[in-house]
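Here you go, one structure.
Just so it is clear, A, B, C and D label the chains in written order, and each chain counts residues from 1 on its own.
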Amino acid sequence: MSVRVGVVTFPGSLDDRDAARAVRIAGGEAVALWHGDDDLKQVDAVILPGGFSYGDYLRCGAIARFAPVMHSLIERANTGMPLLGICNGFQILCESHLLPGALTRNDSLHFMCRDQRLRIENTSSAWTSDFISGQEIVIPLKNGEGGYVADDRTLDALEAEGRVVARYLDVNPNGSRRDIAGITNERGNVVGLMPHPEHAVESLTGPTTDGIGFFTSVLKSFVSL
Amino acid sequence: MSIDTVAVAEVSPEHSQPFAELGLKPDEYQQIRDILQRRPTSSELAMYSVMWSEHCSYKSSKVHLRQFGEKAPKTDALLVGIGENAGVVDIGAGWAVTFKVESHNHPSYVEPYQGAATGIGGIVRDIMSMGARPLAVMDPLRFGPADAPDTGRVLPGIVAGIGGYGNCLGLPNIGGEIVFDASYSGNPLVNALCVGAMKHEDIHLASAKGVGNLVVLYGARTGGDGIGGVSVLASETFADGGPTKRPSVQVGDPFMEKLLIEATLEVLQAGLVEGIQDLGGAGISCATSELASNGEGGMHVWLDRVLLRDETLSPEEILMSESQERMCAIVRPERLAEFMERCAKWDVEAVVIGEVNASGRLTVDWHGDRIVDVPPRTVAHDGPVYERPFHRPTWMDALQADTPDHLERPTTGPELRETLLVMVAAPNLASKSWVTSQYDRYVQGNTVLSQPEDAGMIRIDEATGLGVAIATDCNGRFTKLDPYAGAQLALAEAYRNVAASGATPLAVTNCLNFGSPEDPEVMWQFAEATRGLADGCLQLGTPVTGGNVSFYNQTGATAILPTPVVGVLGVIGDVATRTSMAWTDAGDHIYLLGDTNDEFGGSEWANHVHGHLGGLPPRVDLDRERALGEVLVTGSQSGFLVAAHDVSDGGVAQALVEMSLRAGTGATVTVPTTLDPFVFMFAESAGRAVVVVRPLDTGQLIDLCEQNGVPLAQIGVVLTASNLDFADLFTVSLDDLRREHERTLPELFG
Amino acid sequence: MARVVVDVMLKPEILDPQGRAVEGSLRRLGLTGVNDVRQGKQFVIDLDGVVEGARLELLETLAAELLSNPVIEDYKLQVIEDSV
Amino acid sequence: MARVVVDVMLKPEILDPQGRAVEGSLRRLGLTGVNDVRQGKQFVIDLDGVVEGARLELLETLAAELLSNPVIEDYKLQVIEDSV
């Protein structure tokens, strides 16, 4: 039986169909979840996709945090269900306090779309186990508010506990503290990532196919159980 | 507050009306009185004035635009032609594609961010109104001099607006243009293109059919946006003081538009919609009169049911409001509940504002009073038509006689190297990635090619790989030197760009940006360009499916360069076969297809190095373009073209620089013995492309070119090294080229 | 030492999608009786010396033309001398 | 009728690229003695009735958790009763 990965659609979600496609390409079953419905349809893992939920009008992810689906998600995440937030999804995870810190306006003050080199630094999270530690990958990055900030104590703790999942290489595109591109919670099941692995799963449409590892990681974690 | 009703109008024929303030000529006002057999009410006057404006009625351009239909090449591919919100083209396998380009020039000058943002919003709704899912956008832009202070104000705002709106909608930006020229100072051009796709059975039209069907207005609430002019009327109906202040600028809400897209696609998919129309210029006036005029009967509207953002709006203002993010649907009564449910699911407000009837009239009531009673065709379609006088400008002879032949040319290797470095940094040739990196090109996961490739390409059908490619082009300097040839050169370039990507050119859209039609010399440019484009489309077998005209682009008495932006759409059976402009393997052979002549009239070299514009543009030969296209497409499908790039602005040198920077590896280049090195590098002769093949495949390329009568010459070999070697002349490193090519825009706009 | 606070707000007749979004969430989270929400910007500028004469005039101009977009926004400038 | 104004500002220790960009332009346009510029948000909420008791408490919570992000921002809430 294939692993069921839910992809939540909020009003204003944009990369939801892309995330579902990535799940399928990786060999999983993508299940559409609706923001207004707290039923998680027996999924094994969930992705909060990129986009501009609620127009990102107040603060990115601030309004989405209060959606009915988030109640069930927070509950399940706290009991270990794998949850990946990409871009806007990362912002929602921070706003929901599932992950520490916050994402702020890019220091360039511009929206930035580029093919970004990253180093995978944590290969024990539910979403990165299929990478080799230190592996360098290139996947698209596209955001206007992707600067990761947290106080120094939090940053130190993240680094000490190996919870920085990926770091920017070459250029820091948005002013993220300590070049952080993605982080995980203590348990390793919740991951937030600013760049977009779901746009690097087919050689035809992505700069590489390096992004597929995030999706195969979570699928394999169930097979190996 | 008194309301001007039909009953009042009937008994007060002498009441004087501010038609001139609303832009109507005395004879046009008289024409309205003749149609109605009485004076119009102020609401009717509002409707006619806006629907008969140049922008909505095409009254100055209509007689010329007819050629696009009359000269249209016969093709079965055209499912919906000119006249609808957007044309629809059959691309096979049951799929249809709709695309269109529109201008939002003036609003973008006044308020760059919002003007450009709402330009994207408007064209996206046009595409939706055909029943299609919008798939991608493009943005052909024109600005004043790159270093002018006003360009520094306007450009960043426009780019941020296009990105801000398009990114938030989830539409990848797959291409566009950025051109600087002094003629656009104070009058930038913001053209926006959208492409969408649907299955054949999902094509919808803007027509109100079926007596008893309901007219539903949904989306954003109606506010006082964009009704500056009509406030004249509103103030008439207020006892004193006039209405409260009306915004002069429309503000876009891309989030609402995103919801509108999803809600619209759902109601269309569920079969809940009989006819559909977007609300753009002229708002409810336009939507209701066009729907009714295209339908078979009449329509009645209860205007007081319209949901308002501002309760002080008068009926005239509601009729004319250009509030964004609204759509109008014709729905059968028994499907209304379901329609409303789907809208509610997406938090989109909807309200029934009218009903289709058999009266043959468009009637509008305001709290029980009849304020409009008109034959809808007279508003929407039978507006005035002008045969504006035009004549060839007296200055054309002198302009064409002032050829670039006397301009000083570089001759030695070091001089040519220096010129190359200057040219790749020219604002018109420099890397545009400062702009394009502000646009999301990945969203939807179907973008196969985007900037800096020749054409944008998207996959439509994941199962088969069916896709389309689009390019837009126009060299306004060429069009100034010869509008007929210039329009054909624009067409040829877009056609060539699409072919270079491996797609077969199929159809054309256009946005004709010109100065004032009341100036006979501008009108001549327009007439010539239109004729050139129509003739060209016939010759290339690519019909015009739609487009847009933007007049009055001028500052004072000086018109912009005539700028007929041409968009060509091509189809590709499997996007996996597309050709990129990046070469890959060292040792591969580089060929130049087509003939190079000493042609510098209107060239970027004459413009950038000498500030010169004169002479004749490059000769255009559309049969040769077609033959070149055949080679590019067949070579791509046969799989032996490793890379291809069209040659246009900046000539062969620019093309080679772009290819090597894209690939990250250099080449050694040999100037054909028949050519002067300078002419070889910088001439802008049409009908050319640079292609790359593996050494083993050169025979195939030569055969294919022979079959099609396309001349070719080997001009180089791909290297592993990172420099571009012009044999016996000079060598330049890719690092130097990249630095010069990429620094211009960031230095100007930060 | 002085502090200048400039509040910038969309003109009342201009659509404020952000304000509307906030209004919606305030309602959903149980706030009753909300009539209108508008979202604006606030600039807090800390300056040496006193703010008067030509300097104040310059600040007014900057508030009107740089900090706010006169086409769609209004601004309000307040000087708090001896702040900090 | 009451008006509630909520000012939201990045915490002083958080880098404020917008404020910095504004500071740069103010300087370039001739303003002297600028020490610091910060850019924040302002929400103006018009409400029916009076704002007190549980309603005020709810507003405080919303300001602290919805209108601002406590991780990076501070807020200030002001009630102006009888504002019109």
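The rule is short, and it goes like this: a residue touches a chain if its C-beta (ideal position, glycine included) is under 8 Å from a C-beta of that chain, and two chains touch if they have at least 3 such contacts.
Model, not experiment: these values are computed from the prediction.
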item: A-C compared against A-D, more contacting pairs; value: A-D
item: Chain centre separation (subunit C, subunit D; CA means) in Å; value: 9
item: Interchain centroid distance [CA atoms averaged], subunit A/subunit C, Å; value: 35
item: Cα-centroid distance, subunit B relative to subunit D, in whole angstrom; value: 41
item: Separation of mean Cα positions, subunit D and subunit A [Å, integer]; value: 30
item: Residues of subunit B whose C-beta touches two or more other chains; value: 253, 255-256
item: Per-residue overlap in subunit A, given as positions that touch at least 2 other chains; value: 54-55, 57-58, 63, 66
item: Of all residues in subunit D, the ones touching two or more other chains; value: 66-67
item: Arrangement of touching chains [line / ring / star / complete / other]; value: other
item: Residues of subunit B defined as touching subunit A within the complex; value: 160, 163-164, 167-170, 253-256, 258-259, 346-347, 436-448, 459, 462, 575-576
item: Subunit A-touching residues of subunit D, taken from the complex the two chains share; value: 10, 13-15, 17-18, 21, 66-67, 69, 71-72
item: In the complex, subunit A residues that touch subunit D; value: 58-59, 62-63, 66, 94-95, 100-102, 104-109, 147, 149-151, 175
item: Subunit B residues touching subunit C - in the complex, by the definition given at the top; value: 110-111, 114, 220, 223-225, 244-251, 253, 255-256, 309-310, 323-324
item: Touching residues (chain side subunit A, partner subunit B) in the complex; value: 11-12, 14-15, 17-18, 21, 50-52, 54-57, 110-114, 140, 142, 144, 196, 198-199, 202, 204-206
